[in-house]
Amino acid sequence: MPDPRFFTVAGPFTLQKLATIAGAEIGPGTDPDTVFTDVAPLDAAGPTDVSFLDNKKYVEAFRASRAGACLVHPDVVSRAPQGMALLVTRKPYTAYALVAQAFYPLPAPRSGVAAGAIVDPTAEIGEGTEVAAGAVVGAGARIGARCRIASNAVVGERVEIGDDTTIGACASLSHCLIGSRVNIYPGVRIGTDGFGFAMDPTGFVRVPQLGRVIIEDDVEVGSNSTIDRGAGPDTVIGRGSMIDNLVQIGHNVTMGPGCVIVAQSGISGSTRLDHHVVLAAQAGIAGHLKIGAGARIAGQSGVMRDVPAGTEVGGSPAVPMKQWFRQVTTLGNLTRGKRSRLKEE
Amino acid sequence: MPDPRFFTVAGPFTLQKLATIAGAEIGPGTDPDTVFTDVAPLDAAGPTDVSFLDNKKYVEAFRASRAGACLVHPDVVSRAPQGMALLVTRKPYTAYALVAQAFYPLPAPRSGVAAGAIVDPTAEIGEGTEVAAGAVVGAGARIGARCRIASNAVVGERVEIGDDTTIGACASLSHCLIGSRVNIYPGVRIGTDGFGFAMDPTGFVRVPQLGRVIIEDDVEVGSNSTIDRGAGPDTVIGRGSMIDNLVQIGHNVTMGPGCVIVAQSGISGSTRLDHHVVLAAQAGIAGHLKIGAGARIAGQSGVMRDVPAGTEVGGSPAVPMKQWFRQVTTLGNLTRGKRSRLKEE
Amino acid sequence: MPDPRFFTVAGPFTLQKLATIAGAEIGPGTDPDTVFTDVAPLDAAGPTDVSFLDNKKYVEAFRASRAGACLVHPDVVSRAPQGMALLVTRKPYTAYALVAQAFYPLPAPRSGVAAGAIVDPTAEIGEGTEVAAGAVVGAGARIGARCRIASNAVVGERVEIGDDTTIGACASLSHCLIGSRVNIYPGVRIGTDGFGFAMDPTGFVRVPQLGRVIIEDDVEVGSNSTIDRGAGPDTVIGRGSMIDNLVQIGHNVTMGPGCVIVAQSGISGSTRLDHHVVLAAQAGIAGHLKIGAGARIAGQSGVMRDVPAGTEVGGSPAVPMKQWFRQVTTLGNLTRGKRSRLKEE
């Protein structure tokens, strides 16, 4: 059970209600009015908990589980233990996410400006929005309804934020427009100058960065990540994209909807990602490239060329995934060969 | 045109004035009193905008541009469209940077300590310096003239800062001396303990870190970067060096003037960079090394040995650039060969 | 001598006292009542300074040193310069750390809540604890004795912190339990949501992250590092582990005691490190792996498989260290061979 210091469980919910939330069908022979009180993993769940099976690897745990109810794919219904209520869906993990959100909803913002927050009188704050202690909201900023501006966050001058958006503790925003239902994690930096300057023997000369950062709706930006504003065009993070912690996004980068950028990756200036591109952890993409829709970049790889839509690349410099595997295998074989020869000598 | 919410254009300027700012010559047949109102890229510029051509790749865009004026190299003067005013210089990009700075000067600091800033009574704050809401300035700190200490930044006890320096939102400084015209971006950490401890079977024993961080004049340090203070000697960032976001600089590192450290790179303890060294993104340098003047380290490379002045290295472990290219090519050929053989079988 | 603006030397101490602090024996022929005033490196130390020799590479510097006293291994006693007092120990570097800590103790916290700090009335603050200007402590938080909550740090609701722990400037904590004698550096983010969501064609669905972060006693977490809370189980950092700057620790990661995670490394979700694992800088470990006790992961390597206890791995993808060296050598030989052939043609 989650630590009640940090998590407050909602509910209880009837099986019928959970089926509606999950978009699932109730399995045969179960009373839809049975009541459930919490979510739990298969091995820890008890008779009033809802669990889920998403990976066939865990079928044995499913068969042994004491969970009162379980979200499952139609294929495994026949393997359920006796007496377990089933919520049947083709997407058990999505369904679990929705059920868990119902049991553990985000607490509502505490509407109003807390003591110790500093809000410029010209800023507009929407209804139901919380500005926590120590937060600073600059002149002319416009924040929508039901937002949460956490402690010691800084919303810069004339920044605009949609509805139901969270700005985490100690994050800072400038020169940006932020959508609705966006989650900016603690310590994120958005809208700072891009890394643009003219090299000159007498010293570097800063080129004014005259663009913005546009964060579309439903985006998440992980802790301590940095997104620079455009040099003239804007830097754009597409709707629903998920950015993990400690990620760097350079100036003028644009990203279509649904991209996933895992921790410590970096995207250099002016590179364009189409929709649903995935970068695994610690990957890097050079500047001025085009990455096609649905492309997948392996962890730690270094992309130096355009990547066509739907392809996977790995290695540094990155090559198509199969070629990278061959490189790794070939190098392994060569060194094993060498070792054999050394032993024969 | 830059978003007027975030950018206020100065000017207008006559062609004569722009020539002076840019250090450029006015091309033949143009009235030096013609007035210009903004900067813009070649494809977006109109008759009252100033643009620039820095890369021959864009000569066609230049020929088709409607820009009223353009900063160009002498070599391309003959290819200008009719009626375009030319500002001729051997360094069009530097000249553009200067012109853009004139049109978009940094707003002057709002002199004074804002409500909600907390300044220790023993701190000294120079004339014209702004301490924004939520900023904290510790005992005995000394801040020069015309500085900008942004919201929720922390200037630690007895830290010294020169003139015209910016400390970004939520940045924190301790045990350091910062020069003039320095730009510390939001979330930067300067002066924290280096990673120094004695390994001991009964537990690690912290070694007090007794040095400082010295940031010389005209340095930039990008968002969320970290610079540890020296263990005994100082950590030193040389004049005019440009450090990008999420960079790690270990204790006792010294860096000559004019170095460029691109995002997510790291420099381990006690390594010495001579002047004008360039690290591309996500590169790493091991500790206790010497990197010669003007050396260039490729992105994602891992430097395990000293690098002589003027050389380029790449790969992990890093080797001279030509050798790295050969490694990449050889490995590519081997795997292609293997594939062919497999197909023949 | 350390800059007196930032460091206040304690002492002086007699040789006898220093021997006790260091757990060392006083060498023959020295007056135990001789008084020493500071620590210094061998080449800078004077007659009232204590230095140390930990690496035989520096024996010549030792022989030439003017240090009044030196912490040395028994093996080098015979090579000491005339008149130098010796403190003999098998662990000179640990001994030096202890002596340096005695000369440069951390200043005691300034007990109390500073003006400009915002502490919720339901929070409990232990005796002797300092809450500095701009810090925010949330409802129900419990902070032990003699802690230091630095300026603009945020201690979230119901977070618990042991005794003698430091939370650095602009750091933020939520959903976590922090031990005693822990040092959280500036800008660290602890307890934020793990990167967990269900992929769905209609958009990603956030999976509530219902675990915590547990930081055991004597841990250090370097500047701007990020530690996500567990998805259901907890994320655990084992006793005495040292985490450097800009490190990413994913949800559900557990780490035994005494691990060392060097700067810019990342550990993906659900990976388990046994005790005393070392990750060198910029290394990455994929998710759901087991890393055995005392394993050592080379800088920039990418670990894709379990690593047995006591082994060293390097490369990306990581292989046993000897194999990695062979790969590097083989590739070097191949490319040198190719070059020769090219020259012969």
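For clarity, chains are labelled A, B and C in written order, and residue numbers in each chain start from 1.
Criterion: contacts are C-beta pairs under 8 Å (C-beta built on N, C-alpha and C of every residue); 3 or more make two chains touch, one makes a residue touch a chain.
Quantities reported herein were computed from a predicted structural model and do not represent experimental measurements.
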Starting at chain A, fewest touch steps before arriving at chain C: 1
Copies chain A and chain B touch via same or different residues, half shared test: different
Rotation, 0 to 180 degrees and nearest 5, that superposes chain B on copy chain C via CA atoms: 120
For chain A paired with chain B, centre-to-centre distance based on mean C-alpha positions, whole Å: 29
Residues within chain A bordering two or more other chains: 134, 152, 170, 187, 224, 246, 264, 282, 300, 316, 331, 334
Parts of chain A lying in touch with chain B, wherever the complex brings them together: 118, 134, 136, 138, 140, 152-154, 156-158, 160, 170-172, 174-175, 187, 189, 192-193, 195, 197-200, 203-208, 210-212, 224, 226, 228, 232, 246, 248, 250, 264, 266, 268, 282, 284, 286, 300, 302, 316-317, 319, 323, 326-327, 330-331, 334
Chain C - residues contacting chain B, complex: 2-3, 5-7, 39-41, 91, 93-94, 96-98, 100-101, 103-104, 115-116, 132-134, 150-152, 168-170, 185-187, 218, 220, 222-224, 240, 242, 244-246, 258, 260, 262-264, 281-282, 299-300, 316, 328, 331-332, 334-335, 338-339
